[in-house]
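So that you can tell them apart, the chains are marked A, B and C in the order they are listed, and the count of residues begins at 1 in each.
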C-alpha cells in the first residue's frame, strides 16, 4: 500500500508542527522520518495513523483519500513510543485486542495470536502481564498487537527510543529482517541517524515542520541538500569563508562551487566532515602536500575505531576536528604541539540563506 | 453555560484539543475527535453541573437580589444576624489557626519520623473525614458536659467545652484537622533534606534553619491548609448544632441562623444570610485555587 | 531518621502529635462506642431495632446514599473523561465548578434546593400541579446528598487519568475499538481502584450528611429522617442512649470506610509505582528471548 501526503499543515496553537508537507511512501518500502524533537516527525506519523487531523492538506492510500477516515477504520498498525500496552491485560489479550473488538471467533483469535507470538519470538509468554516483561519484550508485544489486525501500513513512533544500546541494535536488525519477510509499507520515526540509516530504505530529514531532504541513506549522507542536514547528520567543522567565480576559499585552499559563478564575492559557509579530512605528519611529508593546511595538534582522544584529533591551523584560533582511523594513528606519535598537515578530501559550501536557523 | 458545540482536534501525545476551527481557512469539514465520548461526557457533565450547582446557586443569588439593596441590607444586617456573623467568623478563624498549627505538628511528625504506630496515627487523621459530623457533635457534647469524660476535670477548672463558644471552636478544629494535615504533609515529605543539612553545615542553628529554609518551602501549603480549614469551618453545621446550645447573640452561628429563619418561613433573611456565607466561601475557593496553582508550579 | 542531637525534640514532637490526635480524635471515637454500649449490648440492639422511626431512618439512609453515589459515579466518570482527555474553551472554569460543593455550606445548598423545589419555590407551583414532592421527601434527600458528595468521585479520577495518559485509549482506537469497547476494556480497568476510592468516600459522606439533608427533609420522623437526622432528633428528645446507639452504627461505618480506604490506597500506590516503573526503566535488561531465536 502506498501513501501520498499532500500539502499537509498542522498547528498546535500558534506552533506550526507541520508546514505544507508533501511526501510519497512507495508500496513495501521502509521509510524513516528523521529529525530533532519538535521537527514535526511524530505529528506526521500520527496524522498518517489518523490520531491527529491536519488543518489542511490530504492523505491518500493507493489513491483513495483517507483524510477524513477515523483512526478506528484506517487499519493501520501503530506502535507507540512507550508501547501503550494494556496494563491490566495479559500479553495474549493485548495481541488479541484488535481481533476481539472485531468479534473474531475464539479459535481464530487463538491461532492468530499464537502465530504472532511465534513471529515476535515470545511463544510461551502469552500469560504474562506487560509489567513482567523487559523493555525489548514489551516492544515486540506492541508490534505483535499492531500486526494482529493485518494492517496495510505499519507505523512506529521512536520504536527503540526507550531501550538501552545493546537491545536496540539487536531489535533493529531483527525488525529489518521482519520487514523483509512481511514486506509491508512501514514508516518509523527516530531522532537517531544511525538507526535511520541502518534500517530504512529511504530517509526523510525533517526540521521545523518541513522536509529538508528525502532520499536513500547514501544520498542523504553524501549529498546533503541543506546545511541543516549536513549539520544534523554527524559531526562537522563549519567555517565562514567567501565564494566568488565558482570557487570558495578555505584558508586559501580553493573549493569548487559552480552554483555561484558571479565575480562579486559574498559570504559563504564551508562544511568539512572530520572523517573527510586527511591528516599527515608534517615531519613525514617533507614538503607539505598541495592544497593542505599546516596546523598543530591541540588534543587527541580515542573514540572506538577512530582517533579524534583536534588541531589548530597556524595563524588561526578556530579548532578543527579530524578523525583518523585508529590503526593509522597508532603508528604516529600525536601529542599536543605536533605539527601536522591537513588536506580536505571533500568539502561542501552553502550560501547562508534566511532559511537556515540552528 | 459553557459552549461545547465545537470542532475538535487533538493535541500531540497528551490530550485531545477541542477548539473553534478558526485557523481552518475554508471552513473545513467537522471531524469527530480521535478519542470517543466527547459529546456524551460533555452532556452529562454540563447537565449535572448546571442543574445541581449553577442553577440552584443562581436562584439563591437572584432571590436575594430581588429584595433590592435596601431590602437586602434590612434582612442581612439585623443585630441577631450580625452577632451570628461574628460568632461564625470568630470561631472559624480561631479554629482554622488552631487546626493549621496543630496540623503542621502532626504533618511534620508523620512526614519526618519513623516510630511504632506511625501508620495508625496516619490513618486516624482521616477519621473526621469519614465520621458523620452529627456523631462528632453528639460525642463532643457528651465528653465536655460537667459529668462527661473530659468535662468532669475541665469544668471545675472553669473550662466549659459544651454549650459554649469554646465548644464550637473544638468541633470546628475536629472537622478541619484532616485538611490542614493532608495539604502540608506531602510538601514536607518532598522537601529536599540536603538544603537543610547544607544550612546546618553553614552554621545555621536549628531554629534558623527552620525559619529560613524550611518555612518558606511549606508556607504556600500551610496557607492553603489554613484557607481550606476556614472554608470547612465557616460552612459547618451538623456538629456545631449539637454542642453550641444555639443561643441567639451568643453561640448561634450563621448556618444555624439560616435554618432557624427558614423554619420560621423568613425566606428573605435566610436567603440573604446564605448569600453572604456563599460569597465568603467562593472567595475562599478562589484563594485556595490560586494557592494550589502556585503550589503545583513550585513543585515542578 | 533523626540525628542524636534532635532526639529529645523528635520525642517531644511525636508526643505532641499523639496527644493532638488522641484528644481530638481517638477519645471521641472510643467514647461513641463506650457510651453506646454502656447500657449493655442487648439494650443497644433494642434501641436500634425496637423504635420503628429508627428502623425507618436506617432503611432511608440505605436507600438514599446508594442512589446519590450512583449519580456521582456516572457524573464523576463522565466529567473526568471530559476534563482529562479533551482540551476545550471553559475547561478550567468547569474544573473549578467541581470544587464548589466542597466550599459551600451544606445548609446554603439545602436552602437553594428549597428555593427551587419548595412550596414557595421557583418550581413549587409546577410541582404542586404535577403532585410531585421533592422537598420534605425522598427526591430532595437524594438531590441534597448528591450535591454535597459531587466532587468526591471526579476529584479522585482526574489525577489518575491524567497520570495514565491517553496512549492506551488511542492504541485501542487505532486497533478498531469503538467508544464502549475503549471504555469497558481499557479505561475502566485502569481507573477501577481510583473509582472505588471515590465511591467509598462518597458513600461515607452520603451516609453521614447532615446539614443539607436537614434543611430539605423537614425532619419528619418515620418519613424523611435519615440516620444522622435521627441521631439529632433522639438527642433533642433527651434519649441519649438511643441517640448514641444510632451514632455508634454510623461511627462503625466510618471505621469500615477507613479500612477500605486504607486497602484501596495501598492498591493505588502499587499501580502508581508500576506505572512509574513502566515509564522509566524500559529495556535495561538484556533481551534473552531475542538472542535465543
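Here is the rule we go by: a contact is a pair of C-beta atoms (placed from the backbone, for glycine too) under 8 Å apart; a residue touches a chain by one contact, two chains touch by 3 or more.
Worth saying up front: this structure is predicted, and the values here are computed from it rather than measured.
Note on connectivity: the fewest chain-to-chain touch steps from chain B to chain C number 1. Farthest chain from chain B (centres taken as the mean of C-alpha atoms): A. Each of A-B and A-C has its own count of C-beta contacts, and the greater count is at A-C.
Work out the mean CA point of chain B and of chain C, and you get 16 Å between them.
Chain A and chain C have CA centres that are 52 Å apart. Touching of two or more other chains is recorded for residues 50-51, 71 of chain A. Across the assembly, chain B contributes residues 11, 13, 17, 34 that each touch 2 or more other chains. Residue positions of chain C with contacts to 2 or more other chains are 167, 170, 173, 178.
Across the complex, chain B is touched by residues 1-2, 6, 9-10, 13-14, 16-18, 20-21, 24-29, 31-32, 35, 71, 74-75, 78-79, 81-82, 84-90, 93-94, 96-109, 111-116, 120, 122, 143, 146-147, 150, 165-167, 169-170, 173, 178-179, 182-183, 201, 204, 207-211, 214-215, 227-229, 231-232, 235, 240, 243-244, 247, 250-251, 254-255, 257-258, 261-262 of chain C. Against chain B, the residues of chain A that register as touching in their complex are 11-12, 17, 42-43, 46, 50-53, 55-56, 68, 70-71. Note for the complex: chain B touches chain C at residues 2-4, 6, 8, 11, 13-20, 33-38, 40-42, 44-45, 48-49, 52-57, 59-60, 63, 102, 105-106, 108-110, 112-115, 117, 121, 123-136, 138-140, 142-143, 149-150, 173-174, 177, 206, 231, 234-238, 241-242, 255, 258-259, 262, 267, 270-271, 274, 277-278, 281-282, 284-285, 288-289. Residue ranges on chain C touching chain A, taken from their complex, read 167-168, 170-178, 181, 185-186, 189-190, 274-275, 277-279, 281-287, 289-293. Contacts from chain B toward chain A in the complex involve residues 9-13, 17, 23-25, 28-29, 31-32, 34.
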